[in-house]
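These notes open a run of structures that come right after.
Below are two complexes that have subunit A in common, paired first with subunit B and then with subunit C.
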Partner chain A sequence: MIPAEPNFHPIPGGLVPCPVGPDSLRGIKRQQTNPSRWDGPDWQQFVAAARERDINVRETTTACGVFATDAGGTAYGLPHGVVIAQSAGQISKLLKVAQEYRVPVTVRGGGLTTEGESVAFGGVLLDMTGMSQVLNVDPDGLTVRTQAGIFWHALAEELRRHDLDYLSAPLNLTSSVGGTLGVGGIDVNSPRLGCSADQAMALQVVTPTGEIVECSDTQNIELFQRVILGYGQFGVITEATLRIRRYTPLRMHYFYYGSLCTAVEDLQMLDRNDASDYSGILTIMDRAVNLLVAFDSVERETEFHKTWQSKLRGHGELAFGLRTLARYAVRPWKYAEAWYLLQRKRELFPEFRRSEYMRDSLMHDRTVVFSRAVWKFWGSRQMVIPDLATSSDKFVEAVERGNAVCRKYFAHYTLYCVGIKVRLEHRPHYEMSCIPPDAEGWAYGCEFEPVMDDGIYSRDTLQSFKNEIYDIGVDLGGSYYRFGGMMKGYIRRIFGDALVDRHLEMKRAADPAMILNRDVIF
Partner chain B sequence: MSGLLRGNSPISKTYADCSGCSLCLLVCPVWRRTCDIELTPHGRSKALQNDVRPADMTISIQSCTLCGACEPVCPERINLTDMVLDLRRTLGPPPGFPTSAPESRAGLQPISSAPLLLRDRALAANPEVLNHTATLLGGVMMAGDDGSDIALALEAGAEISPQRLENFLTSLRRSAKLIVADGLLLRHLARWLPGAPLVSLGEALSGLPEVRNSLRATDLYVIEPRAYHADYQRLVKYYDGLRAARACAFNLDLQRIAIPPSAPNLMQRLGLAPQDNDGQACWILHGRRISRIVVERYEDRTAFENVSDIPVMYLADLTEAGAC
Partner chain C sequence: MRNVDVVIVGASLSAAAAAKRLIDAGLETIVLERKELPRHKICSGILSPRGHRFLLENFGPLPREALHEPTSCQGVTFHFPSMVSMSMDFFGGATPHLHRKYSDQWAIQRSGAEIHDQTAFVDLQDNGDHVIVRTRKNGEPTEYRARYVIGADGPSSLVTRAIYPQYPKSIPWFFVGQKFHDIVECPLDPQYFHFWFHPGLGHYTWSHARDGRQIVGVGFKRGDNFAQKHHSVVKYLAAKHDVTLQPATDDEGCGENFGPSLVNRYVFGKGNVLITGQAAGFLNMIGEGMSCALHSGAISGEAVVEARLRNRPVQEMYRKMIASEVRRTSDQWNPLKIAFDRPHEADFPAALMALGWRDRAKVLRDMWRFVVLYKEFNWGRHIVSSALQRPLLGGYSMRRWL
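Our next item is the complex of A and B:
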């Protein structure tokens, strides 16, 4: 019998603790790794019962193998069977049977989790991308009703045929709408609009016990509050009504910094003063720190040039290049780093200026541009993206301490920082989420993304790296975007027992057999 | 198997490099129709990573239309079209695939330095259209050996004898210009005849001033996807130039990938299963305000005529319709 770690809280029908010894990482307490595979005895009866209800459960190696891991590529697990989502009715039947036979159901949208949150360690994998239809576009009311398995990109394709666009979505084409609403979703316009989940007006949800419920800020309010940013614990989002807007291309500007602290301060200054429509920081290590500023209209851009640009301490590309050259000229022992910066710049910058996406100096389809670049330059079969989310005043410290951890572990990495407008009316949604409870006005998030190139890193090294970043969050009293799956050991440390226990009670009430996304949070 | 039939890139990446990003799904017509990840490059790569045998993926391997849309968007730069062709060769052609001796075509065509037009199946079946196209292109010879049997064998995963291939290539080597209507054949000719003056029929026709100037701002111009995606980096700029010059709409998505007007799987393309492709043409037309559809590929007229009343024109017929 493997002893439970002190912070392991068994749940009814739950999994045995991680079999890797707690001392396997010298000096670093192991938090959580792949859960053991569920191996319930009733699988075959469950499949028979599901098929009786016209649910197609695919059990082939091909069907299951496709979902063996998520975008992180460090958590591996196989479902016993796969169900492709077809309708709320089908999902309702599936969850009812799953409750009866206590079979775990792991819901997957784009599969862009990095901590194994969308990996099924046995049981059913419910592939939501089967529900990818746009149901209704209202160009006058500026709303769209869509099935929730749809990729944001597919939604954008549909909306563009009406000259419309979504308001806020992750800079990643293959995130699904439902998955994003379940965790937040950050865009470079989040400093003005809040996270992607803040754009949801109403949802159709299938609860863990199979009821199909419409919820919003006025209807089934409590369910709405728990499902939005709820990490899939309280229901499967099957449809969503989202606010949308008229499509506009972007007027992009880049400012370059040699200091993280200065860039973050300038970013926060812009956000506080509503000086831009889009803002964010993207870096090459801590050497080339790029503050991105963009506008929807010429008026806003003009106002920025007139009032705010002179207050920024960043430089244009040429001036920054010369300063960087001067810096490395007197540091010959750093030539390898300088060479890397130069190479990276050569490869990366043209990608953001490809002629087919730039017309009259306007960037069209920013999500396409950024997403293609993200996958091309940062994607690989293994990805870890630990993050820190804090209130404004703690953010510089969080970024600088996280940066030091990156330097310790990896030769090359990228930081992505963005503000998130805290919407007062949505406070109840934010409970136990990436929005830290002490955030006033804006929360700030920073992702720490190693560039792994062709390096091979053990899971333990990657876990140690993530743990060191997450320890900063505990220390600062912040939060995280990716606190589920392999990082769930931090949940009690960051949110406290009282809050987590309250949510666990709600989860037990909503999901008696604890079948829905069981390995993600609790 | 001839070495010529293998992947073209010296450092070609394979399914093992697939990160599972799903970008290929966004452009794949099979995904659009089925929402079944097993039938996509992502699904095939992940299945292969997990040691699934090709024989257990037959439906997936046959479902691919070889439109090539997934290849330019794959951030890992996996030769996804080659991957399907390789898998098809592993499986062998489906039952019912004609097994006529392709060698019979050898020597059909005198070796010449004149520009050659290699027709596709649709043009071969419509001699009048073919002649008109050739006349418009001016001074081109019709290739007696158009390699259509090779294109079909490639698509089906059938054996192509090295002798047959060599005869075909020999007949092309001296030509000053090769205008190729079949996008899959064009992709392969680019690797079999490195440096040869190859151009797709669509690009050749749209480069003619009289054709180009006949395009209107209210036209939807339908690019032939296979040739476009095979030479994406260059052609995305070419068509962007055409858009800037003529202001017409294109069958391009937000990633500037060509949406195929139809999505026949292998069995459908070989005529062994009925077609059910209206969805693609409907999606291309969805929400667009256009007065005319102009297709690069003669065969694509039908896909639009089946689902809409908007006039459809073959690119070479534009000059007859007159400039605007």
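Our next item is the complex of A and C:
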């Protein structure tokens, strides 16, 4: 007979494995993804020790409250104190003290994470925006050395003074260089150049135990491989040397589709044949799908017109408008959707053709154009953008299933799809990253973004929406750009225990007190 | 007088969820509990998979102490007077059988909130920019000053009574009672929660295994005789299901508010006072209130955080954010959703279709006879109206909420 009242023992913080049936919550690893706040037993001693080493730890509610959430707005946390990064030496001292007192350190650049990865649930928040200087531009060697807290738009501004440009950066330019290198970053030229993290040639990294190390593909190779696309687990990137290029304005072309599947197939056809310098898909719902194609030179543009344009199944703006009109004319119950498309077109299209960016039919500062549009039309107070990354052959299914989830949850939404060139020489960087392990040639990513306007949604609604998108990735054996934070439970479902445990062992060796960006993926 | 950001009344699962959100966002939060923790709580303890997932993601894996034996439940079995039985597994897999005495204490501790137990809520006064909460601790009057108050104190909520004194009189009340029996013989599968759609047995009749004993429970309109109702169920189980039980060794019961989720008559508070969990009227169709208590509790905490960040009235935030949980819960009671969608966490339509057509007809006839039992509450107009609102408005009207 089992006693009706089991003996009560002090609860040891839920560390005992959950004894609910072994098939409990099928497919879901039993893991706390919304972490408990660190209770800070040694906080005061830590602060005193840090101040002895000239580290300014700001503890006021105002200083900490600024960092209560990230761009995703679904995870909330508050650090005990904030340190603004000033130098690699200062960060080194901070991490050494943090190791000694076992105080968690959460590193934050632009705070553009969407699952709480850059939210501190207690401990120290290290604000990297204090290190945002461009250190050296080499116009001949086409490289730039920059501090890692710099935002991409500030880097672009500096490079333009030398008639130079970076190779590839996220459309959202208020992300930091260091944060982007840690997770991936995609651009409309990623089908040719790979993800933004592929542009890094060398890094200065402060390891979790406080050593300042220079690493690259030839120096401290293993650290370089782990830090690139490493979710900030193996060190704080303080400086980066990036490949850059000569600045060129863009020759833009838009093709319009009524079908996601056709547009994606055409996008993949262009990428396979290296038919354009830039390509991507931006949509208004799934009814107005825009395939964007662009070129750096007249020669490439001419070659496209001659060989590839006729193979595309998309239409020009007028032809697509007439077809859409015909479609809705016989579907009066969908007039509200048609009206929304029309309104959106009226607001959105002029933004891509503003006179300050379009000169002689060339688009200048493409990233500013797109980044501005992202904040104005896609972003809202919360950036809720779950994504999927798959190999080429699974991509159409991923997009269509994700699209169905968007329709289920939201009246209006948009999709952004782009290819990512898989660089064979960077395979070691890609292990346990956003690049799916089965991707050959190109990986493809799709971001699903609800247009929330002024709507207020509970975090539960948004999290349920995101989970349904992420579950598609598990089903298809894909990956995600935004691993970590509240979706850290997915990392074991995607990559399996063996690989994750191997990385966890490496992490334990590199970060004995497990203080750096804890609760992000482990 | 303690001056804090938020006072939460009650130390249940909804309180823990609310506290978790508030503490994460750095708000000073005190949880008031009338009894000494860990405290006994009358409950089946069968949590839905959605609630299990919430617990895991927010509080971590459950310690063994927080579970009864059997530790998990595979699904539900419906029994009908025509002797047709339908077993349905939960979509998400087995789900925990919570020992509420310890699971609630575990969750509230994990939330990180400061807990003041043996502190009974007495009254409150909303002064616009703050709320004064009056309590009694060990018989001595005490006061708290808070920016916001969250009432998470269950169906017979004293916080609700403090702001809407007439509310308890405006809804029908039920009594649910359960007795614990040592088992002589019980062929009912211990891995399932058993429920009877039998108008002759009562409004809500169930049985399941716990810690080597069998629980026999019955729900009925307040005022009926518990012992009599329970006796007829035990007799029925013996006659129809070959269940032989020893006389009951323990019993317990409490008042329940079954109606608000069915007729969209939730109560969410006013001014700086939010009501959440079962106090607000959240209850899933099989009488499981824990999962919606966890989610609505979390939303009440989120609403406070959002209200501060956006500098907007907390009621505005809460009502907009809680709409999703209202949809999810009221969908479970919505006849159109039940017929054409899958609002529950087990597949009733599939289990029904797995029966022969003759049994299907019997089940539908028995269910109708069971539903007719509720005729006296005059909910029909509201049920039809809510069912139609859902496809037409995409949700349920906020105008019926208090």
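Convention: the second predicted complex is superposed on the first by the 489 of 522 C-alpha atoms of A that agree within 3 Å, B and C clash if a C-alpha of one lies under 4 Å from a C-alpha of the other, contacts with A are read in each partner's own complex, and residues count from 1 in each chain.
One rule holds for everything that comes next: a residue touches a chain if its C-beta (ideal position, glycine included) is under 8 Å from a C-beta of that chain, and two chains touch if they have at least 3 such contacts.
All of these numbers come straight from a predicted model, not from anything done at the bench.
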Which of subunit B and subunit C A:His162 touches, first, second, both or neither: first
Touching partner for A:Ser355 - first (subunit B), second (subunit C), both, neither: first
Which superposed partner A:Gly65 touches (first subunit B, second subunit C, both, neither): both
Partner chain(s) touched by A:Gly77 [first = subunit B, second = subunit C, both, neither]: second
Partner chain(s) touched by A:Trp375 [first = subunit B, second = subunit C, both, neither]: first
First (subunit B), second (subunit C), both or neither touched by A:Ser36: second
Touching partner for A:His153 - first (subunit B), second (subunit C), both, neither: first
First (subunit B), second (subunit C), both or neither touched by A:Ile456: second
Contacts of A:Gly111 with subunit B and subunit C, given as first, second, both or neither: first
Subunit B and subunit C footprints on subunit A, overlapping residues: 61, 65, 68
Contacting residues of subunit B [partner subunit A, same complex]: 17-23, 25-26, 35-38, 42-43, 46-47, 49-52, 56-57, 60, 73, 75-76, 236-237, 240, 253-256, 286-288
Subunit C-facing residues of subunit A, complex: 1-4, 6-9, 11-21, 23-26, 28, 30-34, 36-37, 39, 61, 64-65, 68, 75-78, 121, 455-461, 486, 489
Residue ranges of subunit C in contact with subunit A within the complex: 20-21, 23-26, 38, 49, 52-53, 56-65, 67, 69, 71-72, 74, 92-96, 99, 102, 105-106, 109-110, 112, 180, 211-213, 250, 295, 298-299, 302, 305-306, 309, 317, 320-325
Interface residues, subunit A side, partner subunit B - complex: 60-63, 65-71, 73, 84, 110-111, 127, 129-132, 149, 151, 153-154, 156-158, 160-162, 173-174, 355-357, 365, 367-368, 371-372, 375-376, 379-381, 383
